[in-house]
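Two complexes are shown next, each including chain A; its partner changes from chain B in the first to chain C in the second.
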Partner chain A sequence: MGERASPELIDSIRRELGLDDPIHVRYLRWLGRTLRGDLGRSWATRRPVLESLVSRFPVTLRLTVLAFTLSTVLGVAVGVTAAVREVSGSGYLVRPLLLVGQSLPVVYLGLLLMYVFGVWLRLTPISGIGDGGLRYFALPAATLGLYGSVYKARMTRAAMLEVLRQDYIRTARAKGLAERVVVYRHALKNAMVTVVTVLGTGLSALLVGSVLTETLFGLPGIGKLQVEAVWARDYPVVMGCLLFEAATVSGVNLAMDVAYAWANPRIRLA
Partner chain B sequence: MGLLLIAGMALGAVLAPALVPHPPDRMHLDRPLAPPGPEHLFGTDYFGRDVLSRILHGGRITLGVAVGAQALALSLGVTLGLLAGYHGRWVDLIIMRVVELWLCFPDLLMAVGLAVALGPGVPSVFLALGLVGWPGVARLVRGEALSLREREFLEAARAAGVPTSRLLRGHLLPNCLPAMAVAFTGGMAACVMAEASLSFLGLGVQPPMPSWGAMLNQGRPYLHHAPHLVVFPGLAIAACVLGFNLLGDGLRDILDPRSHEFR
Partner chain C sequence: MGRRLVVIGLAIAAVSAAGCGHLPGRQPDPDQAAGFRGGAWREAWSRSPASLDPAHLVTLLDAAAATLIYNGLVRFDLQGRLVPDLAARMPERSADGLTYRFELRRNVRFHNGRELTAADVVYSFRRVLDPATLSPRAWVLEPLAGAAAFRRGERDDLPGVRADGRYRVVLTLERPLAHFLSLLAMPAGFVVDRAEVERHQDPADYGFHPVGTGPWVLAGWLPGAYLRFHANLDYFEGRPHLDRLEYRVIEDGATARAEFVAGNLDRLRLTPGDSRRFREDLRWRDAMVPAMDLAVYYLALNCEKPPFTDLRVRKAINHAIDREAILKAVLPDRHVPANGSIPPGLEGHDPALAGWTQDPDLARRLLAEAGFPRGFRMEILQTASPGALAITEPIQSMLAQVGIKARIVQLETAAFFSAVGDQGNPDAFFISWWADIPDPENFLYPLFHSKNRGAGGNRSRFADPVVDRLLETARATMDRAERVAMYQAVERSVFRQAPWVPLYFPVNYSIHQPWVRGYISSPVATAQKMTGVWFDPEATPRPFRPRGNRRETASEDAQLSDTPVVTHGSHAPGGKHADFHHASRCPRRPGGVAGGRAGFSRTHR
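Right, the complex of A and B next:
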């Protein structure tokens, strides 16, 4: 339909798309379709939105899983070290470092890594997905993982500090257990109960970060799809992406709550 | 420490027109992508615009947007939070369900959605960030209000016949101020970050207006030859966010001694 479309044609298309109906009718129709798994078609490519989402999903999944693993391992390790050091009085550098880390925008972190490893050392590709090999995920996953690890490190550190002050830790030490056993077997296990609850929140942050990271590194995932759709004013696709993200976050939070109740019987009554 | 950083930033932003060596939009087409040097302390971009000048002017926009958005988020959040916490029952139920629904969407993605709906530009960034920020504030203030509701001084005020509206404004609100101050600094840090992210995605402040996030995006293609194009704006964002984070930490230490051990 060009600029010179006749009013009749415009009318007939409006009627066909159901744009004549009042807003609540349109909303209910949208809701009904969405519940049946029909997210509509892209205005730009005419492809069903669900199909685009499904085709982009593996990239985002891969990026997020890599980043999630990295951020959890790194975050917990740094958090534990920070707490243990702090108790022994040699950890005064860790808190400022974490604060600085928390203040770095994920995009900036990505650009810095890009410069050091891509431009300077020429170790990794800078952007794009190429043949889809793991090399192309190295920098994006590192960026997102580092970004996510700061929050987890902070939480782990706080939880560990709390646990290390408990009486049973003193008991364990008094029994003459090795410090390593006390820290990892006794303290970390209990601190993880707190840390696990924030993993869900962390995932929501990772999802946000993945939009930025995918755009920065030119990875064709859902985040990039969303940004491109925003640029093209392709509303069905934008809605589809937002819906996907909200559903993921809610789903993960629910799963976390269930897992938490299962792992920690104390919470079940509350 | 945080206060110093923020004060410096704010001063730089306010005095930007007087401080900057070059107008932020002035193009020196004869020296594009100049490295940092005595004439251009932070170098120039592709159009030969002075990076330092653009950073200082970008700070005006970023901080302005952040303050505006926080004002919106706080006024909405505090009002609804106080109502929910004080009235309880169905008022609380309705407001908190809305808050929870709102929080389902990751914040930046919500802001992206709102910015799209409102169209790009400074006013919509400010609106989007304000609308994203209020549920967190509401939840915090509700908690404070809940814990204060049954305290004696409020009961005394109620018994003395103080009308509810004055009770909320005159008695409840001032006691929530410490929590609000902490929420404000945290919110500012989040806003600065979010504005940079939105502008990086091209959904926030539009060119040719200077913005830190947009500068990161525009500098990306020149990473090979002119890394200063992204290094300095990124530092500006990081310093600003760090300042607010430090300030927030400091405020919390002063206002809430209990949390001292537990950060």
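Right, the complex of A and C next:
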């Protein structure tokens, strides 16, 4: 309201926002509205919060699909290779690289990519959404994809190493299966139980908006919306974002539980 | 009654005199400008405007965006002079100073083609004051006769604003107010089209579909991403030189810098980290343009709370602190030391105003006389910001040298304002004041009139009946020179009583691409209508080469630039810099530009 709001104006706004009611009344009202899909209005723009979430989500979703695909393909491929060639040159090379990769902050990685590919080589746009074209997602998706792939590679490698030591792998080899079949059909599918968990947490982290990456690259997704709302102390929007996050994380976790059953039939959904 | 915010050149001179200025490389040549039309301007804002409804604009950024779309009856030009805008000429003022008659320009059209008339002005002003609008800026128009009661819903008519025929507006005031026309130049005085406002079922929607009479038409707005404008070819002062404007929302300073260096932004507003970096860079250092902000940073002392009720204690604190040493270390090229509250560049600024020099012995003597030979304990409040801490920590150690044990308390912004507002009773706090209008009134009346104590603006709770009387007389004094002299007297009288430790007036820097012509920085957010800016097709882009040996991290800038939530006409936390539109660049080739500018981004790889 600014510094010079009169007491009457402040009162009328308190009434408008329902801040003059007792706390349980406010909570129940909020709950009722939320269940009906009314997340309230932004204090800054005075527009419905749901509208902002809906308009920002496609950007985040796009970024998620690209980054998730990249990180999964890259992460699993590197992880499997590192496990299979545990005692070879590439295995020794990959391990320290993964350690470095995991320690690299995403903002630094993003800036690095931005300067190399955007500023020096001019292969990609530096930031922003432009006309919404895919090329605007190249750097942010690469940043998140690389960042996410490191953890996935480490987990895949660890899980694969464990599985490859199992008796049934020895049996598979003994009965003369091709190494490719042993690794991909017998070992990888069993290692996936661990990997799916990692994929799940990674997916929900991407879906709720990558605060740092979206801010760094100026992508108007859910993550950036949260940052803007926090800076502007726009509590209804902050609450809307948090609610969205909670719902997404729960949803993805449920999907992952279902996926376990596929990856490991020994787990039954009771 | 022209407001004379001294030309930016003078501000630059002041900065240079302080030993920290760099003159801009080129001066705009308005005559030459006529020849070059076309091009798309690209700049970065650190966030999206909250709304472009004049009744709901609060921050400097909102105002800077809205001024592209709208006009008021009068406005500030880039030299800080008050000039007619929708009015055909400056209004006639009645002898009693109460009535202003505005003759409107003929044939001014809204972006939808409808002609603007006196009825639109009446509607727009009533709308801002209407209690149903809930405008945070209603106070701007409150000096109008009957406005206060109308705003409280106690009357339905608003005698202060009336249309006299199709092209004449008559404004009547409750009592004479010397700077009234400056208030009209604020965004709350922008004129809207009633049909456009009422077309939307949800009143908040108008703010996203604004229609005005200004030089730029909003062509696209993706919140959090960009705002795009195209030139209003029928603008009443002639079409702008440029064809299009694109403001991209780039929060991160490092990203903005990367875009600028790559040639994707035409102007970059520099963070303190940036200005150090560009100053060290031979290719860019002479392209840096300094400008003053209409703001002052200070350590406020609570004049109502012992021991700060004692003038000797307040003086002792002033004598204990060596501001210049602190500022030289912390903000070497981004400040002018302050002795009072009126910034340089604003009429009324008094360079001869005596400040307090550091003298720890004298400070200790004053404390002993006041009954504190061994000092005392106090708290300094500030917002949680490293920029503010860089100022308050040296202050803390300097106070310790005279025996005052100060504790620094960092608070979240909302908690800070509540603690230094009506609910709290602080000892001292680091804060800044950002003006609404370029008038010395705005740096004295809200800050030192006893009626504004607390959240009203006078947060140091200073009270002096003589100062109050002088401030009131000055507000009703129509003679400009006489009025300014009064304000200088007030400033001297206030600062003799040391309610603050005045610290500094902020200086900001921006940097332009070599093809930019005619861009004049103004501390008045609504002055820059982007009509005089053009691109020089002959200009050579700066050599571009990778700077591989430089460290590029976001953290340094994030630290100093902070959040961009400076609201104008109000207090901001200390140490928060006016970074409301640090410029940055967009990844688009500057194609379709008249002349030779297209292809720049390719030539300087």
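Quick note on the criterion: the second predicted complex is superposed on the first by the 248 of 270 C-alpha atoms of A that agree within 3 Å, B and C clash if a C-alpha of one lies under 4 Å from a C-alpha of the other, contacts with A are read in each partner's own complex, and residues count from 1 in each chain.
The rule is short, and it goes like this: a residue touches a chain if its C-beta (ideal position, glycine included) is under 8 Å from a C-beta of that chain, and two chains touch if they have at least 3 such contacts.
Worth saying up front: this structure is predicted, and the values here are computed from it rather than measured.
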Should A:231 be classified as contacting the first partner (chain B), the second (chain C), both, or neither? both
First (chain B), second (chain C), both or neither touched by A:216: both
Considering only touches as defined above, state whether A:180 meets chain B (first), chain C (second), both or neither. neither
Please indicate which partner A:44 is in contact with in the superposed arrangement: first for chain B, second for chain C, both, or neither. second
Given the touch rule stated above, what does A:208 touch, chain B (first), chain C (second), both, or neither? first
Answer with first, second, both or neither: which of chain B and chain C does A:36 touch in the superposed model? neither
In the superposed arrangement, which partner chain does A:114 touch: chain B (first), chain C (second), both, or neither? both
Residue overlap on chain A between the chain B interface and the chain C interface 107-108, 111, 114-115, 118-119, 126, 215-216, 227, 231, 233
Please give the residue numbers of chain A that touch chain C in the complex, ascending. 1-6, 8-9, 12-13, 16, 41, 44-47, 52, 55-56, 107-108, 111, 114-115, 118-120, 122, 124-130, 136, 215-220, 224-225, 227-228, 231-233
Footprint of chain B on chain A - complex, ascending: 95, 99-100, 102-108, 111-112, 114-115, 118-119, 126, 158, 161-162, 204-205, 207-208, 211-212, 215-216, 226-227, 230-231, 233, 235, 238, 242, 245-246, 249-250
If you look only at chain B, which of its residues touch chain A in the complex? 104-109, 112-113, 116, 189, 193, 196-197, 200-203, 213, 216, 219-220, 223-224, 227, 230, 234, 237-239, 241-242, 245-246, 249, 261-263
In their shared complex, at which residues does chain C touch chain A? 47-48, 50-51, 56, 58, 131, 134, 136-139, 151-152, 202-205, 207-208, 222-226, 248-252, 254-255, 258-259, 261-262, 264, 413-414, 455-457, 546, 552-554, 563-565, 567, 569-571, 584-588, 601, 605
